[in-house]
Amino acid sequence: MSGDGHADEFEPRITAFVCNWCTYTGADLAGTSRLHMASNVRIIRVPCTGRIDPLFIVKAFERGADGVIVSGCHPADCHYTAGNYHARRRFALFRELAAFVGIDPGRMTFSWVSASEGAKWRDVVNDTVARVRALGPFDEYRRLVDLPDASGESYATIEGLLGRTAP
Amino acid sequence: MTEPHDLTTEAPEATTGAPGAAREAAPDRYPETGAPDETGDLHGVARHVLAKGEADVVIGWEEGRRGVRPAFVTTPDDVERLVFDTRCVHNLATYLNPRRRQVAALGRPAVVIKGCDAKAVAGLLREAQLSRDQVVLIGVRCGGVLEVAELDEPADLTPETVSPRCYRCDNREPHLVDYLVGDPQAEPPRPPKTVDERVAELEDAPVAERWHFWVEEFSRCVRCYACREVCPLCICERCVADKSVPQWIDAASHPRGNLSWNLTRALHLAGRCVECGECERACPSGLPLMLLNRKLAQAVRQRFDYVAGDDPEVPAPVGDYRLDDAEEFIR
Amino acid sequence: MARIGVFVCHCGENIGRTVDCAAVAETLAGHPGVAHAEDYKYMCSDPGQALIKRAIIDKRLTGVVVAACSPHMHEKTFRRAASQAGLNPFMCEMANIREHCSWIHEDRDAATAKAIDTARTIVEKVKHNEPLQTIHIPVTKRALVIGGGIAGIQAALDIADGGHEVVLVEKDPSIGGHMAQLSETFPTLDCSQCILTPRMVEAYQHPNIKLMTWSEVEAVDGYIGNFTVTVRKKARSVDADVCNGCGDCLAACPNRRTPSEFDAGLGTRSAIYVPFPQAVPNTPVIDRANCGRFKAIAKGIKKEVCGKCAEACLKGAIDFTQQDELVTEEVGAIVVATGYQLYSIGRAQPEGLTGYGEYGYGEIPDVIDGLQFERLASASGPTAGELRRPSDGKVPQTVVFVHCVGSRDPEKGMAYCSKICCMYNAKHAMLYRHKVHDGRAVLFYMDVRAAGKGYDEFTRRAVEEDGAEYLRGRVSRLYRDGDVIKVVGYDTLAHEPVEIDADMVVLATAIRPQPGIKQLAQTLSVSYDEHGFINEAHPKLRPVETNTAGVYVAGACQAPRDIPDSVAMASAAAAKVLGLFSVAELEREPAVAAVNETTCVGCLTCQRVCPYGAVEAKEIRDRDGNVVRTVASINPGVCQGCGTCQAVCMSKSIELATFTDAEMYSEIEALAFWP
Amino acid sequence: MTNQSGAMSRSDAVVRLLAETRSAAARCYQCGKCSAGCPMVSEMTLPPHDIMRLTAHGRFAEVLSADSLWLCLTCETCSERCPTGTDPAAIIDALREAAVLDGRREVPRSIAAFHRSFLDQVRLTGRLYEAGFFAEYKLRSRALLDDIGNAPGLVRRGKLHPLPHRLHGIGEVRAIFERCGVRASDLSGAGHAPAADDAGGAPGGGDPGGGAEGGHA
Amino acid sequence: MTLAYYPGCSLKGTSREFEESFLAVTRALRIEMTEIDDWSCCGASSAHPISRDLGVALPARNLALAAEQGADEVVAPCAACYNRLATAQHELGADADLAARMPGILGHSLPPALHIHNVVDLLAAYAPRIEELVAARVDPPLLAGLRVAAYYGCLLVRPNEVTGFDDAEQPATMETVISAAGASPVAWNMAVECCGGAFSISRTQSVVRLGRRIVADARAHGAQAIAVACPLCHTNLDLRQAAMTARGEEPLPALFITDLVGLAIGLSPGELGLARHFVDTEPLLASLAAEAEATATAAAAQESS
């Protein structure tokens, strides 16, 4: 879908949670400066990175995202003085636990993008899309729900879910 | 992901280093309760507490039909029922959790607590679920407990039978106490594979393999929420897992719902969990929940220099921050 | 069942060029809950807004989604239109399909798909929006102006004339700022003191202005309309009420050698001093770092040293025991007008800047900067207006003025143009030629930037009437050779190297914000650029506001600026403040958090994370009055809507209006439709 | 400035070099500071900032044929003081390289002779064999009489070794020249007669009188 | 810390005295170093002006040899060689494509980053030992009161982000070495002006023009000698000074910084190869010795009275 990818290439779906005061405005600046970037990212605005709950990220993956971006104000620049400091601690722990349970950290980008860093936002978007495209679709997550298979059998075997033949 | 911090080689002092060191230096940390009253054995203290009316009920352990079980003694005569031995693995602090209305109904509690249990009490104090003057704490010196309570006779601890939680315990003589009973005990034996080693093993495995391991484990979770009910620090009236509008966590027990439930439970305990191991012990499906808690405890320790201890004055890292918190993972 | 209207804007062809707006409207028309969908060329135009209003009434819409530009641009416009049509404004949201979509993608299909997803996400959110009423909060109709230069004075006067109290805080002993140091000002060459002093006195005597000089802002809490500012009134060691400014103490002070900051280090002053004759207030200050008595105290010497100023003071106004005082001021708006400082070419440089080794790092005598030249030319200066060079007092026969020292020099860390140097360089050349008729004024320049009213004519006068020699080319090196300064340059118009023996060199050094501006900006939680200049809310449309509501900016602290612009900007900022104070109560976005007291267990983690202290513990009592439970409770007036409390609340018992869990969940849920 | 290596043909290398210098010179805003500080500017017809101007506007015919390119001392004063970071020294280096690759002949004879002789000696002996270098320079520059007076002083002071040093790794050095695409024939056709004001050799000043340095051997 | 010594072609030829002086002083200061075996020319004044690759490859070969011979630091007394070694290392670090091609060009693997010294920063590092030796000398300090102009030239300090040595406009390291040697450095204006470098024989009149300005400025500021740290500068200010001095003017001796240190710590002019200089240093040495003698006798007389 994005300009440079050729037709059959996997186009990752990236959900971005960005803070209204810095990164959202930075993305606006990227727009006014006509900085072209990949179109795989869907932005969800929050007042502050402090508002972003790890459940948002888990739900984004559950709803089909292949990658997630979380971005907000640089430390000391937060409009609410400390929201990004709390977010930094929260995501430090979430990221380690997610990696521990097998979610590739490459699927998550955490960044500070200020209102004047339109170019940095473009780079964050393009780099994340490229990285997640390399990782491929996050199918493992989508297959966690035991959808009835062709025969209508309601409980697929775990091996089926995990895409492995039975031992 | 940060490389696994190998605690196995950690000298005992180190783990007690951060919060413990302060303890030796300042014995007067507990002015309100004064020096623990060495009236000898558990029964003596229990009888004294009930007789003096310092508490309406003494929560301890007693012989049950199969092994030991929690006991609620309300009259001085019944104190003989109280026992303490290697089978007393339960964390009785869970009965101080305000959600347990039926225990609260028994009146002012006195509770017999091992070192790990004392940490849980400190957690409840930190989050204003309990005030220090509402409870009498009878500390017991502990040399480690078995992982299984349902034995007719107390067995000696062997590397195979000792509870994994006891290895390198930094609180074998609890400090947050009004009374302290029991003789000093030797260090518990080292289990064949410590929790840290199991965590390290998993961390060395490639991402996909870790994913498969956990999906397989979580697929066995039946969402009975025993882990939540047994945990002294799961204090919410209505858990987020029970919230249906919006339903952040799928109520159905398929692997996707179980993954978000277990992730959320572990994250809500990050920096609060005292690693008493009850959740893992209570889980009917045998999920290795301690690995999740241990992994987060390591991260909290490395990143925020905090180890859950039984000193309620030391603030938990949740809801706190430092200007120089590490941000190597942020662009 | 929600009845939502979706309005897709072409924005001329800004969106239409890369997004198929009709397709977006068509697709959204079929989305569950959407009762009306259409696209139009200019949604924000009057006909556009009329479309929305009519649709709301005709189709009884319960929500509106305008897929157009960034909410930062027109959210207010469309919410006002919606409320005029009877719809609660908070049921109207914008989907950003311009800055975040059409402007940054070329592929039409990809852009259209993204626009559809973005619009759908906001439609799902609006389904869960709740109608909200704006919060009315009281406004403390007092203003704080930080910085007593011409910008600060002008802002304070305008606000005070508007009938509101102003607290004017100035860190130096007197107001006046750098303008007080100037001899004459361009383009009219009228004497700086003559036009400035009346304003200073007016500010001093204005009943509505509370002047706090020798003071600095230490902490700012609260929010628009309700700031609590802590100001540190540094100890003057002189009782301002008793002192009548007679100056006997100044004469009695034995220490005459302290370099005077006002004279830019060329003149000296006593330890107890008044910066300049027309200082306002005319109350001296004891500079404790250079006063013998206080130096002794600092060394721990018990014996009382000196104290001559106290002896000389007939009114007994000197009070050595005076200590700093922390004063709290309640204000509704803040104007930052802290002004500028000149870049120094020395070796020691703040992070990111480099000194001028090729110009001698400021160690060559008689190489001075613009403010020092102003002091030499000023009648109240160290040389009483006679242009004598600092080293030996000789009248320089050849003076070289060097433009762009630091400015337009990315390698030294300042790529920007400082805007005012071309003008004051021409002025300096004229002043010099007026005072030394046979003197030679040589100016090394790259371009003369004189774009103000009467400005270019002013620089031409310097050339045509006052014989200023303009040589086009940057100076490569300055070095002292015997009694002269060798200026090594190249005249790029005459194509020849040039070497001038100058008696004195004046460097037009770059304009930089005041030291400490970054800490002040962080105290006000206002953003700043890499040099420390305060960031305006929008470079074109909101130049005097900052991204923190209630905090305005004026003068050179925002960017290099001359006096006319600074005064105009100060009046603009004052107008903004007066606009803010013109309403009885401030209307505030109802984006505040509220606690669900049934599920809250009172762990009060939310209280620990709230940066504004908006959370208190609240006791739930039964009929007999004994406490059943304690829960958290949020004061809607203080809460600023950051949402951190909701994120840390384990049981999700807190809901932040406009960003509730249901709304966030629905936005994420909407992305499941992503093909 | 990336540049050619053996593999790439010379004309491609020239095109790439000129393209790179042109884009690098675009940063220059003609402030003249490089020319102001250049020690050789008084002898140049095309001072550094003019070279930057012509390069930025792609007028390479004039730039590559300018003597001034070769009067540069590579003393880096211009790049050190350039406010925009254009690095004129590196651009002039690259322009000279393009001129050599392009086989340009407008090079002052003495300077062409110097570089050619210098590189020949290094290619032949691995080090600068000074005696051989002076001889070859004299022949190529036809400035036979220059410094003749100094020759005896040099020998007497033992500063002129008769024989070159035998370098073990001479093969490697020659391979380096070859792989860098530097040919012995480079600058061969170059070298015009010294311009009128270009005095060429030393003003005949020889040793200040034999007697003065009688002293120690 | 093993130090490799890269002499450079001029130190083996027209500037032999600089090597003699350098080796004598380093021996006296007990600085252990080993000459790089089979080093080759760094292409100083002619390689980089006509080919960037050659200008980097020739010095890089010597860096590779030094590294292969176990050194992690290199000293190149000649400022031109020092500049070329530093530039080669800097370019290889900055330009990935060049670094990738270099092993193929050299026939050696890419040299690791070495710490490259010039003679001034090496001596400055040993200043305390110099002061020790000067103090330990029995006879009176020879250089007391000698006014010296410290001349850096261009290649030591520029381009500064490559050499990283001292300040590009107002360096001071050589002054500290001169003071350590007991002489007194003079404040003057031509410390970093270029002396004409490689044009010594190909465009001598430019060298004479530039050199005249430098010597005149040194003399005007009271210098009795000019201290240099580069054989090219020395040739231009020593051999060419005859053409620069007007009638009746006394030429100003051009001494290597190592000569000053050598004399101060008691090495003889012979060991330092002073006889090889064109501008005779004899008169200066004689007057210094006489002065030293006078002060010694005065001090002795004063002591005995």
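Residue numbering begins at 1 within each chain, and the chains themselves are lettered A, B, C, D and E in the order written.
Just so we're on the same page, a contact is a pair of C-beta atoms (placed from the backbone, for glycine too) under 8 Å apart; a residue touches a chain by one contact, two chains touch by 3 or more.
Just so you know, these numbers come straight off a predicted model, no measurement behind them.
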| message | What's the minimum number of touch steps needed to get from chain A to chain D? | response | 2
| note | Min distance from chain CA centroid to global CA centroid: chain C
| field | Pair of chains ranked first by number of touching C-beta pairs | value | D-E
| note | Whole-Å distance, C-alpha centre of chain C to that of chain E, is 53
| request: Can you check how far apart chain A and chain E are, centre to centre, with Cα atoms defining each centre and the answer in Å? | output: 59
| Rounded Å distance, chain A centre to chain C centre (Cα mean) | 35
| With chain centres defined as C-alpha means, what is the inter-centre distance between chain B and chain D in Å? | 79
| Which parts of chain C, given as residue numbers and ranges, touch two or more other chains? | 358, 477, 609, 648, 665, 669
| said: Can you pull out the residues of chain D that are in contact with at least two other chains? | reply: 77
| field | Residues within chain B bordering two or more other chains | value | 240, 248, 319-320
| query | Considering every pair of chains, which are in touch? | reply | A-B, A-C, B-C, C-D, C-E, D-E
| field | Contact footprint of chain A on chain C as seen in their complex | value | 70-72, 96, 98-101, 103-107, 109-111, 113-114, 117-118, 121, 522, 525, 527, 529, 535, 547-548, 591, 609, 611-612, 640-644, 646-648, 656, 659, 664-665, 667-669, 671-672, 674
| task | Sort out for me which residues of chain E touch chain C in the complex. | result | 167-170, 189, 217, 220
| task | Please give the residue numbers of chain C that touch chain E in the complex, ascending. | result | 347, 357-358, 360-361, 477, 479-482, 486
| message | Considering only the defined contacts, which chain B positions touch chain C in the complex? | response | 98, 127-129, 235-240, 243, 245-246, 248, 268, 315, 318-320
| What residues of chain D sit close enough to touch chain C in their complex? | 29-37, 41-42, 47, 49-50, 77, 81-85
